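First chain A sits with chain B, and in the next complex the same chain sits with chain C.
Here is the complex of A and B:
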């Protein structure tokens, strides 16, 4: 089996709100000093899901990790290689810049078609930067493959993939034919943590780079010029902080003060 | 400028879901005299359509095959409604249905979707969609280069219309055809009684509780406020640790709640958590960290160890209830 993991490098979402800054002129996030970008967490979990299937299938299976991004995205690729993926693909081209979810899916789909023999693609449920949660589904439409989103568990058998999905109030197990796109959620569990020897081994694995022309893409169809959705304004919302702390010498007094406030405000 | 709007509705126990009614309210103000269509699929759809205040036309099919959501079947039906209503804007809830239909429909119609929006405006005929991003640290307003503009909308972004008329006409959509996915099993979460989305008070526990057992104290707070008023939620960190069920998770990847009172105990107030509760009328924190992010959103707070504060609070709440 050939499994693909789509991995995106993003600004660390645990950046404290005080260090989170926006450049309103370019509608972009200013990298917080001293905080390195990371592999979007759900993509690490997607990699874990793909690797477990690979391991259950034995030696002739492989996992390829694909990332569209700047040269720095190699770090995200290396991380998935250290987890156990076999090969990496970096999709880096000026023409890809400034794109939306649609052009991202278009480029990823072109890369997957270029690889040729892919059975299943694993994405995160959403990239933890823009929080869109649509590239996996757009990819399945681009490729005309089946899809199952927000997976908590994934199993493979007899040419079908069975996915346990998280619903609003419960779970559902669906079976879908291959090829398919699966998006993975945090309920799946933690991804494995690579150890030093694996990190060293990852350094030796190949990362192939493709640009628009390698994938037969017209530069005007991708990136900013191919986008259908445009960010017109990016800003930090105001929060009104007028917190009133409950005074008191003992927890009892503080609790009593709070209950009084809540009663006065008719909240309880 | 008048716009035709199509709302992809959902049924909840045979009635139009609350979010469907919210979307219809949003649609009628956006439409500016244009048509407002609503699609409803599944058993009871035609009768539920009559309660869709704000809609001018309903597109329905009562086929119970639609009761369990399968994207490909729904997309085929929705394609029919799109063809006959030629919408400028399509609104869908940010639900299990919307998370899948939004992107797939956008692709099939050669257009784009903005996911998880909290406000939509009609700017002289151009649709603008605003949504939180970067875990709630930022907001982005989008414009569309293609039509229709599609948006999935976060729960409670519009207020339901109190009065008005339902759809004047109803059109029949085709019944469900084949699907590439088969549903093998479903498992309902056992959340009995008051749901967190509906409760006027939500008491939420976080990782700072330190252990699963401490959630019984959170439940005690809720019980002291009243089982008919208060429900219990949890942060993702607490859910990921297995301390509380995923159905109770509040936040960006959990549920959106807007109670009158949101009491966050040992919750840091990370932006992704606040994404699910910042619309609450009054937020109260109990946290031992003076610098916790929760204070940026709180009206009242107690700084201290919950192990001391919570038992005292339960006692005071019981006293208050006794009066």
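Here is the complex of A and C:
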């Protein structure tokens, strides 16, 4: 059984607000000095889900982790390798840069087709930087596979995958034949802490790299040129707060004043 | 398990509080002086023909030698059996280096019983018993020499002196036994009963009987011989002389040519046999019971580490290891296994353990005993397996040492505070043993509490353990004017540390130290954005691999910046730089800020001008105090602050109680009855002080967290401050609004 985990490296969401900067001229995030990018947390959970299935299936199954991104994304790949994934693939090409969810899904799909024998793909429910949550679904479209998104539990048996999904008002369980794409939510549980022997083994593994031509992609279809989404303006919203103390000699009077004020502002 | 801790008080005055150092002679000089004096006195007074027949009235004295041979055989057997178990351990590095220091330790802790005496009652009791055993063994040996060799020295003045000190030490032994009996049977909840076994009764009652029968034998002999012929000699055996008169007053028959089989002779024969059989049986207990500390404790003193107690051993060539840390008993070093056998179940370690005091699932004594039991259970099989196959035999035991024998939560509850190590009379080092097992949990098994894991992941990803901090490493610099970034041209690197820069509460401490350094005229710089975790939390949580990577990187950075001297905010950074970086060839001169500031005060570079009228108590952090022996510098600073009046807590100095954060417990949920910081905060509050002063950002955080629970009323709460904050107020005056204090 061959499982693929899609992993994205993102700017650290824990970056202190004072260090988070945006270049409004290019509509892009300026990397904060001294703060390294990290693996999107949801993708770590997706890796955990894939690894648990792999472990339940025994020796001849494997997990491949794929990341599209800059050379630094190797660190994210190594992290998933250290958790126990078997192979790593980096999709790195100038042509891939500046894309949107659609072009990302397109490149990932090409890579998965290129690998050939994949049974299931696991993604995080969304990347923790842009939080769009689209790549998983678009990927299943590109591959023409079934999909089950926002999973809190995944089970596999007899060629069928059964997924417990988180809904806004409860859970539902769906099942489908493989191949399929599953996106995994934080309700699934924490990713494992890598064991040292695996960390060291991961450090020795080579990460395969593919560019557009390796995957048979036309550079004009991917990255910024293939992108359908244009960022108009990227900015840090201004937030403002005003404090007003309610006058009144007794708590009752203060409360009455508060009600009046809220009514006047049409808040109640 | 938990026990009420009975606490000893140490001196309450600030400057005389250093624990007294002692030496080999410590426990012995007093008695030695006056016994020798009595000897001289005996020499001037007594007749020079005094003497006696040594194996008086005993028909088969050679039996003693049969017993002796049996005992030697038994001891040899026991030792070989133990040793073969220790030898399944890994090699121990450096055990034959620094022999002079090791011999000094044998003198100080073995003969001088330096640690035993940390509990005064036990110290006296133990000295009485041990000195009596030693002296009476020498007495017995002299009798044997006199009787069975051509030597002839037991006569004249020396014989009288010999009679005297033999009796004296018999009496001393009885006093010791009495003290021990009282402790064991009348003092309730005494620590020595937390793991009581049958052997404990045998040992103490047996020893009492040996001493008593010894006196009976001597009294019977005196009645038969000296009391009649030489009452002036008999008096030198002063205890037996009194006892003899007592026995004699019953009117038992004494032998005479007509009546050679007297009652007294029968008493003598019987009590002699009982005495001899008991004595040899008792010595035989060495093989089977904790009496083995007679042999193992002094040897363990020889094996005691000679390097800094705050240093954890590095795993050399970590990438080449088969397993990481210790998950199987054979992965301990043989010294660690040897130690287990030395434990006497005295409970001292458990009594001072902050986790145990707070009802958390850790008792260092039980941990050591459980490991010892496990070694005895699985050791022989492992040994056989090794013999047969040559491999390590990690699969031999079906019981998991880490997990089953020693529970995960036990290992995580440890603060690595070193209180147990400090108290252990037989010099067992619990902390490295505990951390070795944590290493196994973290690196080999990846089994660790979620918060600890989050802290480690945060160190890996972000270079600091403070997940979710909104601060930057430069935030504390705001409002301080120009802050020099270290570039190798300054004398000192001021190392702020993650806690000093990324935790809101600690920023004022960092700023205080900075201002004081600047005021003192020191040439120093900081690393600002370039600081990263030095690895201490990773190492103490058991991730040695991560620690080594961080340490090597930082040493490289320090070297490339030409760092020579470092001043740290935090005693953990201090300990790591000072004691652990040399393991990786990082040799820097390291000062904790209190050491630097105390020096600056002393030579007048800092002048405390403003009074801070307040009662303050001082909390010794484990890593500045116990681990590095810096007790004086912070107290000197407090002394020099006008108006500050130091009130010591009951547990202070080397007996100080951990704040609860050590050993990575800053990032763990505590399980158990209480939280350690609540216990310690209560102790600080009970001094009545207005401020609790410490030297460590972790301690301060733990107090800040503990105070509202212990003092729910905001009014009159004790306020936690760093020594530097206190000194800042004395040097620059009270803080103004633009530079507010925490409250």
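By our rule, the second predicted complex is superposed on the first by the 241 of 268 C-alpha atoms of A that agree within 3 Å, B and C clash if a C-alpha of one lies under 4 Å from a C-alpha of the other, contacts with A are read in each partner's own complex, and residues count from 1 in each chain.
Note that in this section a residue touches a chain if its C-beta (ideal position, glycine included) is under 8 Å from a C-beta of that chain, and two chains touch if they have at least 3 such contacts.
Predicted model, so just to flag it, every value in this text is computed and none were measured.
J.: State whether A:124 touches chain B only (first), chain C only (second), both chains, or neither.
T.: Neither chain B nor chain C is touched by A:124.
J.: Once the structures are superposed on A, label A:34 by its partner contacts, choosing first (chain B), second (chain C), both or neither.
T.: After superposition on chain A, A:34 lies in contact with chain C alone.
J.: State whether chain B or chain C is in contact with more residues of chain A in the superposed arrangement.
T.: B
J.: So, does A:150 touch the first partner chain B, the second partner chain C, both, or neither?
T.: first
J.: May I ask you to decide whether A:17 touches chain B, chain C, both, or neither, giving the answer as first, second, both or neither?
T.: both
J.: Looking at the overlay, what does A:137 touch: chain B (first), chain C (second), both, or neither?
T.: After superposition on chain A, A:137 lies in contact with chain B alone.
J.: Could you look at A:84 and tell me whether it touches chain B, chain C, both or neither (first, second, both, neither)?
T.: neither
J.: Per the contact definition in the header, classify A:99: touching chain B only (first), chain C only (second), both, or neither.
T.: In the superposition, A:99 contacts neither chain B nor chain C.
J.: Touching chain B and also chain C: which chain A residues?
T.: Looking at chain A, the two contact sets intersect at 14, 16-17.
J.: Can you check the complex and tell me which residues of chain B touch chain A?
T.: 68, 71, 95-96, 99-100, 102-104, 106-108, 111-116, 128, 132-135, 137-146, 180-189, 191, 201, 225, 229, 236, 240, 246-247, 252-253, 255, 260-261, 270-272, 278, 281-282, 284-285, 293, 295-304, 308-309, 311-313, 315-317, 319-320
J.: What part of chain A is in contact with chain B in the complex they form?
T.: Residues in contact with chain B: 11, 13-17, 20, 22, 27, 29, 100-102, 125-126, 128-134, 137-138, 140-142, 146-150, 162, 166-177, 185-187, 227-237, 239, 241-246, 250-252, 254-256, 258-259, 261-263, 265, 267-268.
J.: Provide the residue numbers of chain C that touch chain A in the complex, in ascending order.
T.: 319, 324, 442-446, 448, 450, 453, 456-457, 461-462, 467-473, 475, 529-530, 545
J.: Where on chain A is chain C touching in the complex?
T.: Checking each residue of chain A against chain C gives 12, 14, 16-19, 33-36, 38, 190, 192-197, 199-200.
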